[in-house]
Amino acid sequence: MTTHHFFPTHYHVTLGSHAPVLYIADGDTVITTTVDAHGKDATGQKITSGPNPQTGPFFVNGAMPGDTLAVHFDSILPNRTWGWTRDTLATNVVDPDYVRTFPPREIADWYVDVERQIAKLVSPPRGLEQFSVPLSPMLGCFGVAPAEGQAISTMTSAEHGGNMDYNGFVQGVTAYFPVFAPGALLCVGDGHAVQGDGEIIGTGIEISMDVQFTVRVRKGKTIHTPRGENAEFIFTAGNARPLDQALQIATTEMHRWLMSDYGLDTTGASLLLGQCVRYAVGNVFDPAYTMVCKMPKRFLP
Amino acid sequence: MTTHHFFPTHYHVTLGSHAPVLYIADGDTVITTTVDAHGKDATGQKITSGPNPQTGPFFVNGAMPGDTLAVHFDSILPNRTWGWTRDTLATNVVDPDYVRTFPPREIADWYVDVERQIAKLVSPPRGLEQFSVPLSPMLGCFGVAPAEGQAISTMTSAEHGGNMDYNGFVQGVTAYFPVFAPGALLCVGDGHAVQGDGEIIGTGIEISMDVQFTVRVRKGKTIHTPRGENAEFIFTAGNARPLDQALQIATTEMHRWLMSDYGLDTTGASLLLGQCVRYAVGNVFDPAYTMVCKMPKRFLP
Amino acid sequence: MTTHHFFPTHYHVTLGSHAPVLYIADGDTVITTTVDAHGKDATGQKITSGPNPQTGPFFVNGAMPGDTLAVHFDSILPNRTWGWTRDTLATNVVDPDYVRTFPPREIADWYVDVERQIAKLVSPPRGLEQFSVPLSPMLGCFGVAPAEGQAISTMTSAEHGGNMDYNGFVQGVTAYFPVFAPGALLCVGDGHAVQGDGEIIGTGIEISMDVQFTVRVRKGKTIHTPRGENAEFIFTAGNARPLDQALQIATTEMHRWLMSDYGLDTTGASLLLGQCVRYAVGNVFDPAYTMVCKMPKRFLP
Amino acid sequence: MTTHHFFPTHYHVTLGSHAPVLYIADGDTVITTTVDAHGKDATGQKITSGPNPQTGPFFVNGAMPGDTLAVHFDSILPNRTWGWTRDTLATNVVDPDYVRTFPPREIADWYVDVERQIAKLVSPPRGLEQFSVPLSPMLGCFGVAPAEGQAISTMTSAEHGGNMDYNGFVQGVTAYFPVFAPGALLCVGDGHAVQGDGEIIGTGIEISMDVQFTVRVRKGKTIHTPRGENAEFIFTAGNARPLDQALQIATTEMHRWLMSDYGLDTTGASLLLGQCVRYAVGNVFDPAYTMVCKMPKRFLP
């Protein structure tokens, strides 16, 4: 169990089988940084191009196609004091006719106060002068190399993870990915100081981060789409459009999980989900939407 | 402010401009009962036909098209000790190919223990022998008469409410409906002792209820789709397919609400929603799906 | 076989169990008129309110729930010389961001020359000065009373027909409807002198019509959604959102049809459809979209 | 204008920036072959792995990002006498509940008679003993390297083309692609002897092909999604899910085309499309669906 301090020197805007920046072992911990969605670092310098430049890939020794990679987020912490968002609802989250009422889209700047754990608008519009929002730092885009030698833009997401923009991927959470390429080739990026459900203005509060994570390989454990776990829930993430299909993918994967790991049959897993399932909307902005299917641990057999 | 005890003698399977069963005033309270989705009452007798037979309609004096009807649920309480659910995931909430693995669908019976506030399966499958779920009694289908003299099946939902199957419609909540017909013509029915998000097995724990509600008319206040309020959130409900469109409707209505009642402009309402919005999946089973857009009250200006 | 000349005196904006305007027999023919989508008649007078006012309902003696009503359109002919359309693409048929480029929507007037069988813009914009389009008169909204005593707005469509806005419903076509109410209660309206696929500007060339149709009852023949037939194709219409679901409904019904009437099994009907099916987009504008699944008659066993 | 005879020695299952197999000039013609979707060649040998192995990429000298590549299909001809299809409707093109009635899926073999221009089932099920279908050879999957160094699976499609499975891509058609990478990097594959609309059984009649095409570079002409042209229509292809979004992409691109190349303004392009547009369903089976928006040339200014 080694702890690696990794200082990135270049970034990727696809998740794919790029040359590893570091080889790490099952159980190792990495301490590193991520730039924001536009490629700006802790000092505010634009050091690379977006969208969502990724730190990595990290080659996890022993991880092979068919295995599962567990990534525990030990810490996700903004490393500067300002972030930015868009300032208008995305056109795809409102009635199509309502778009006619929208002003041109601008960028809004935010103070990010890590000590007080809040963010505030630098130039609040009327009515939001007193508004502040508690921080809940998360990673919007991270994942592994996809199958068949694909390289997929960090604009979008799929079975390999990617730009899921789910505000539940905070520190303390373990994310699970299907391994499609030798070494899994984990990348991380796109930090948000906080984000509402759905990323409906097209951004969270975009910011650079200090990130620490620990990886584990689950040999021979095959999953179909990203999964995760926190103190209260196990969960699955479906990445697709429309939201209906994202929900279908997440629900199917949760149903499989309840059968494979908790001893339930088709009916038992259905009955349990039917009365206990919770859904969370990851994003409804990116090319693929993300729906998260959550099962409270306290109801698990 | 009168309290009416109303004992239904017939039920409706559409929401429409049916003959009122009772005329009530702004501020009045009604204490009544609902049968379950199959038309079975507190004694277990099937006294009417489904789907989702409605008690009502209640004519609210003074409510006119263009007004808003507020319905506060004072109490929603199961009035018998058993409920039922389906036992297999709905075919539309899983990957289409996964449907091939499904056994024939059956009905499952549940003990509903109102005193201990839990429900348990009568014949639990393997692994669920110890499983119980806390009650959270709700109404799945209720609403007002729709516009233009329509009569719409209680299978589905739209701007007038109907079969939204949102597990947030519990006691203590106030629901708001656009008024489309004189008197609003409120109906209530389809109680669930508890229901997971999405109603993904096609039912909650279906049960008959004792219901008490209080109505208020907001003269001249026009809304476009059902809204609601509880201690923590204001919320809007979009009823449509796909889920994307339900979300668009709900988000648009919330954005309008923030502007009309909280003094925000287009940008301000967008910035606030962007980092604070929460979504809840009502149902993803009925002909129209329901997505709920929630804004925490603590962030409102 | 009687031929009825029916002169409407009132119209309906829902399809439902309204009082019949005429009782007709299996095999009878009706000659009548329809007003345009805004309620304007052959003289251009607005004599009733929209949307899509319906002539009828016609009670077909002997038609009972579970039967099928066949409606053959003997003739659909514009009975005035001008029509109107909207002049901008519907906001839901383009990329959401593209809506920002749209000017305010206006109404455009068209000359409808029945003799020369063409329509031309009254005030053509730059580049369309020479543009004319051949007439192909059709009915956009027609159908029968829906199930369970529902009354459904003529804005939308479902299993009972309604506002399908499919440009294939022209003279010479036979439409088939499931019968849900005694007498079927057929209504007709919403004539278009011509319409592109999808009704993507929200209208065809809206016009009043002289209509002649002949009805037949298929006793004991049960169908699930509208069907139709012309010289070249049998076809089915799915009415739902998203378009994917409309396509699922239409395809399922065609697959059933091939099995029930043409002696094919599940595999045979699949193999035939797989290489021979054609789809047509009815509308992608109304609350429910319409997708048409077509099977060329020449390939039928 | 050189004619190249290219004999492939390896194939790709992603469209991406792979090493070119041949450098060709603007105006050059290539005569080559494609294997079927499973990697079987003219002799029936499986010489590579699927899905949809691609011949290429061909580097077109001078083609640069921002240009358009025109690919004219001079000839697409099956080069063997048998093909194969699946034998059951795809589960995503029918009502989800209807999937329960489906038998296990098998492969069906077909005789492909290029001389008589028909295909027949080798072992026809009951009722299809006499069934034959005229050939209409097409390419299901072809396109250029996508943007940002992506490599995208030949299972799916996007702005760069890919697995569109549109039965209109036959010989005589010119396809247009946005160029995202130097040389465009054109690949071709996935021949179908014939295919119904939508590829609703998940395949056309899959077969290896002799293909001849000629390329042209349109310098400085930027398009957003594949376009095409045949004797009767200009058309655009939207690749996305749901079908609604595919239609939005295709319609937006056609509207842009009418404005940029035919002198129409927003209103003029809308009015023309409104009454003249035709849609064709490419595929409703692959991860991205394809909708084609067609404008008859005879109506163009």
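Chains here go by letter, A, B, C and D, matching the order in which they are written, and residues are numbered from 1 within each.
As a convention for this text, a residue touches a chain if its C-beta (ideal position, glycine included) is under 8 Å from a C-beta of that chain, and two chains touch if they have at least 3 such contacts.
Remember, predicted model here, so these are calculated numbers, not experimental data.
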Most remote chain, CA-based centroid, reference being chain C: A
Interface composition of copies chain A and chain C: same or different, split at half: same
Chain A and chain C, separation of their C-alpha mean positions in angstrom: 47
Averaged-CA centre spacing for the pair chain B and chain A, given as whole angstrom: 32
Chain A, residues touching no fewer than two other chains: 92, 96, 102, 241-242, 244
In the complex with chain B, residue positions of chain D that touch it: 90-92, 96-97, 99-100, 102, 242
Chain B-facing residues of chain C, complex: 13-14, 16, 147-153, 240-242, 244-245
Touch list for chain A against partner chain B, complex: 85-89, 92-96, 98, 101-103, 106, 108, 119, 121, 124-128, 130-131, 133, 194-201, 203-205, 241-244, 247-249, 251-252, 255, 262-268, 270-281, 284, 289, 299, 301
